[in-house]
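In the two complexes that follow, subunit A is the common piece, with subunit B as its partner first and subunit C second.
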Partner chain A sequence: MKISGSYNLPVAPERAYQILQDPAILAQAMPGCESLEQIGPDEYRMKMKVLLAALSGQFEGKVRIADQAPPTSFRLIVEGSGRIGFLKGDGLLKLSPPDAGAAGLTVVSYEGDAQVGGTMAAVGQRLIDGTAKMMIRKFFDKLASLAG
Partner chain B sequence: MIAQKFEYTAPKSLDEALHLLASGAKPLAGGMSLIPMMKLRLAAPEHLVDLRTIKDLNYIREAGGQLHIGATASHYEIESSALLRQKCPLLTETAAAIGDVQVRNMGTIGGSVAHADPAADYPAALQALEAKFVLNGAKSERTVSAADFFVDAFTTTLEPGEILREVIVPIDDARTGTSYQKMVQPASGFAIVGVAVRVRQNARKVSFARIGVTGLSNHAYRATAAEKALEGKTPSANDIQNAAALVAQGVDANSDLHASADYRKHLAAVHAARAIKSAISRIT
Partner chain C sequence: MATTTTKTETFVGKRIRRREDPRLITGTATYVEDIQMPGMHYAVILRSPHAAARIRSIDTKKAVSAPGVVCVFTGKDTKGVGAVPCGVAMPDLRVPQHTILATERVYFVGHPVAVVVARDRYLARDAADLIEVDYEVLPAVADPEKALAKGAPAVHPQWPDNVAFTYHQDGGNIDKAFAEADVVVKQRIVSQRLVPMAMETRGVVAEWRGADRQLNLYTSTQIPHLVRTIVAAMLGLEENRMRVIAPEVGGGFGSKLNVYAEEALMGYVSMKIQKPVKWIESRRENFTCTIHGRGHVDYYEVAAKRDGTILGIKLKLIQDVGAYHQLLTPLIPQLSVLMMPGLYNTQNIRGDIIGVFTNCVPTDAYRGAGRPEATHGIERMVDILAAELKMDPAEIRLKNFVTKDKFPYPTATGLMYDSGDYATPLKKALDLVGYVKLRQEQADLRKQGKYMGIGISTYGEICAIGPSPATPAGGWESATVKIEPSGKVTILTGACPHGQGEETTFAQIAADELGVGLDDILVIRGDTAVVQYGIGTFGSRATAVGGTALYYALQDLKAKIKKFGEMLLESDDVSLMIGQVIDNKSGKAKTFQEIAGAAYRALKLPPNTEPGLLATRFWEPPNFTFPFGAHIVVTDIDDETGQIKIRRYVAVDDCGNILNPLIVDGQVHGGVAQGLGQALWEQAVYDDNGQLVTGELTDYAVPRAQMMPWIESHHTCTPSPINPLGVKGVGEAGTIGCSPAVVNSVVDALSPLGVRHLDMPLTPEKIWKVVAKKN
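And now, the complex of A and B:
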């Protein structure tokens, strides 16, 4: 599944780049994140609990940051699995000031590929796209509220 | 597969149910979505409270110029209600289009609306009807409009411990025509796209139009741009096409194996045109 979109963060690109790689802030912004601990350079172990409708599932996985080019882009590699399925994703995040050149604003555009498998994908195929969009939106909304 | 162990309570009264829900139990209102998820072990609630055993929640009646439908009215009860057929045919038509016979016998309007599946049929009709929902908690009661209730996929304004107790819909006069048109996903019976239309004409001019869309994005919504394009017109075939083309405008459409986002948007316009034509043709 292809994932792409963009979000406007109310901070300058340097600050946006910084908070997008700050484990303490990311742990608060990621929906359902229970813990995020550093296990190596640019590598983190993550535990999350997904609650959606009646569905509930625990996931454990790794988040890795690569190809860092502050403050304009980096690559995010995520993989996780739990009893109800697994998730793998690889995406490029690009940060740029808005076209109008307003200060203190960053357009974060993302583009990537995600694979979801296991029971949750077999049963919930028609819901994955919408759910992914909702979680990304929740993540950025929370991040924007924490950024200030 | 067999569900994980859980407690089951069949309360006699709404108060008893709300008391149990306040302490963390989950409501069961037909179980047409919840039970399959429990059997696949995607969901594992520890305690279920069956709302269908509460007699006070099962009714369809007219009061104060509106129609009141209790949360546990089944899709079949709505589909076959003579009162609704006469005074709110959009709801009977929509109920008849849900899933299959088994689902319509067991599933309830309160369960479907509270679950807020992005492809459920009722939310399109309830948006077009500008329905109101009465929500009850152990110590609270409030009324929320359909426009405010549906927030995102499976996300509503319901608080933990709160249930949807009643759906309220208006009674339309004979100058109003309605129609629900859907593209069905044959395996699940859900709508790939569903469009509900409610139009009123005055001397052949559309004085009022309401259009609800489901299946296209994360929650059912009202296509206000399309409504405005119809209002004030004696719509020609061209006007209808133009209005229908607006229902998906600016919408972040979902995609899956069955339909890509672009195809879904196309389907929405096609079904909107059909629903508008059919609704106008039903005005007597």
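And now, the complex of A and C:
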């Protein structure tokens, strides 16, 4: 499954880059995130609860940040599994000032691939796309509210 | 005191209501799930979420210490248990070691990895989530054609080409036929993967009685005796120390014509924990780990003369095997090749099968098993040929049928069609549907831009499976008939049913032979400790083979009854009728009760006669039977929504003599429902990573009652000369006849748009896209 989109964060790119890698803020912003702890340089262990239609379950996984080019881009690699299946994702996040050049604003554009398996894939396939979009929007909304 | 009723009325051929139905429709029947035992434990199986992965490690510590959990077993524990067998022997068959739990690798989503045993099934389920499996995910391949491509991931590393087996069959002179042809039509035809979807999922209760050294295995199966032989061997247990009971079986359709890992696994668990253990497959498990059906990609070529005479047929068949061979996996596409010529008089064929491993659950027998695929292929090709030659599809069929003076008819594939009259059901169906008028109406509708189609399929099939040389485990069937001392009649049949109604039809046969009432007869099946060895119910064989064994056992028993009658009546000229033996000279009679009483009391015996009234027969059929028929489907297509409406469904089936028209109707209706499912709605879809994305009934469109058309079911009758009952079999006919009739109808409707072929399922989306693109 391809995932792509963009979101306007109400902070400058440097600040945006910083909060996008701050475990404390990310843990608050990610829907269903129950814990996010650093286990190595640029590597985190994550616990989160996922709700997908009639399915719900806890996921445990790892988040890794790679190809860092502050404050313009980094790559996010996510791997998790739990009772309702597993998910794997790999995406590139690009941060740039808006075309109009408004100060204190960052356009975060993201593009990546996600793969789900197990019960989630067997049962929730039709809903995964919509759920992923919804979770991403919730994430950025929350991040925006925490960023200020 | 119980008495045996004597009846002058006969039962064979009548619409007798099924004697098994009251308990089924009142929910009082006993299925595996209904079995309760003191000390029962419950098993939940952890399955792979990956289609291909290496297992780095399995950590069961948390699960073992979870509340209620007794133990957890993994592939390391069960290494001593024998592999799940493939029952088919072929020269170049590649058989991967199919352990009951995964050891180093997993090969498909749903592959069993560990089993949790607890005192409560919910605690077992919760504990399964606590098992930590470290997988190294590997690339997977789910599409058989992609699996054959160079560089495809190897399902089994030892066979990088993913070829599981090949099979080749030539008949006549195919090259000459194609060289002499005026026209050759070619088409790629897909028969998609289907989920058999028995209403009752699989389930096993295993009860090890250590003190008796006895394993009782209750399992929802079509083949209890074969399960006993095979599972006992897998467990290293003497076969006579194992008893398999198939209680009520809620549908199988071939999916329970198998021996599954879970059957041996539960036996293993019960022997380990010394307690009874129950495993009931969930619906989601059923989707991922019970065999699928079909899974063909067929490349057809048909050579013909300009007048429509078919000269030869070529088929290259790619069979999606899945990750393993189950019991009969490699045999199923061979049935397709055997059935390639359909009802047509051509002596030139070439069939090539490539069985391909994929990271999917194995395919195996599903209602029709190979014959629906073959019939779909040849019936589509005949329509494509008719369109190419601008011939009427009914006319081209009538032109090519094997004519009724040619039977027994040897086919190019080595079969001997027993009896047939193929034109009669087609003509009857054409009359019933009003073919000529419909074609006129179609022409008028086309002028108005409306899409109406008429689809014909004239199918043949291979039933009464089958002579032992042609079946992996023997093709005979057994029956025992006993007349108890009270005169009551007990039948033991090896043809263990799963919805076929043998408690009714077998009682009808016995009632007429003995002249007793149906209520005097009990039909027992599905218990290896009670019933002599049997093969089981599949391949439309129960009545034709099992019923025949019963018929011959009844003849033996009647001879013995007569002997006792002669002795008691002091006559050498007696007849057996309406539940008594009558002296033809004096008219004096002895009832069955009197005869049974004398036979068991044994104060005096006829010469060379043993006490008791019991007869057993194992009957080996000399040939298959070959039923046939014609289905015609009239469809109207809504060009705005792509919805297909079936206006008429006319089925004229010839299954030989009919013992119970009510049961035959039921078989036709059920068969058509599953044929329509394939034609219009159902498809098991794996994504590129081998994830089954149609894993629940919300995504897998099995037909519901309100989706069914009215089926106009009719018959012609051409008795089989193979058995004394003259029956052929009807369990799969509906499915086999259906799908090509539906697709031919829809393609006919859309032919003004230049449509020549469409692959199943014909979903509204698919049809709408075709119509929208052309408009």
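The criterion applied here is as follows: the second predicted complex is superposed on the first by the 145 of 148 C-alpha atoms of A that agree within 3 Å, B and C clash if a C-alpha of one lies under 4 Å from a C-alpha of the other, contacts with A are read in each partner's own complex, and residues count from 1 in each chain.
The rule we apply is simple: a residue touches a chain if its C-beta (ideal position, glycine included) is under 8 Å from a C-beta of that chain, and two chains touch if they have at least 3 such contacts.
As the structure is a computational prediction, the values presented were derived from the model and not from experiment.
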Task: Which superposed partner A:F86 touches (first subunit B, second subunit C, both, neither) - done: second
- [ ] Using the superposition on chain A described above, determine whether A:V116 touches subunit B (first), subunit C (second), both, or neither.
- [x] second
TODO: For A:R126, decide between first (touching subunit B), second (touching subunit C), both and neither.
DONE: both
- [ ] Answer with first, second, both or neither: which of subunit B and subunit C does A:P98 touch in the superposed model?
- [x] neither
Open item on the list: A:P70 in the overlay: touching subunit B, subunit C, both, or neither? Say first, second, both or neither.
Closed with: neither
Task: Residue contacts on subunit A - larger count, subunit B or subunit C - done: B
Task: subunit A positions touched by subunit B in one structure and by subunit C in the second - done: 83, 119, 123, 125-126
- [ ] Quick one: which bits of subunit A touch subunit C in the complex? Just the residue numbers, please.
- [x] 81-83, 85-86, 115-119, 121-123, 125-126
TODO: Would you mind writing out the residues of subunit A in touch with subunit B in their complex?
DONE: 52-57, 83-84, 119-120, 123-131, 133-134
Task: List of subunit B residues in touch with subunit A within their complex - done: 26, 33-34, 36-38, 40-45, 115-119, 152-155, 185, 188, 190, 217-218, 252, 254-258
TODO: Under the touch definition given earlier, write down the residues of subunit C that touch subunit A in their complex.
DONE: 49-51, 109, 129, 284, 287-288, 687, 689, 691-696, 698-699
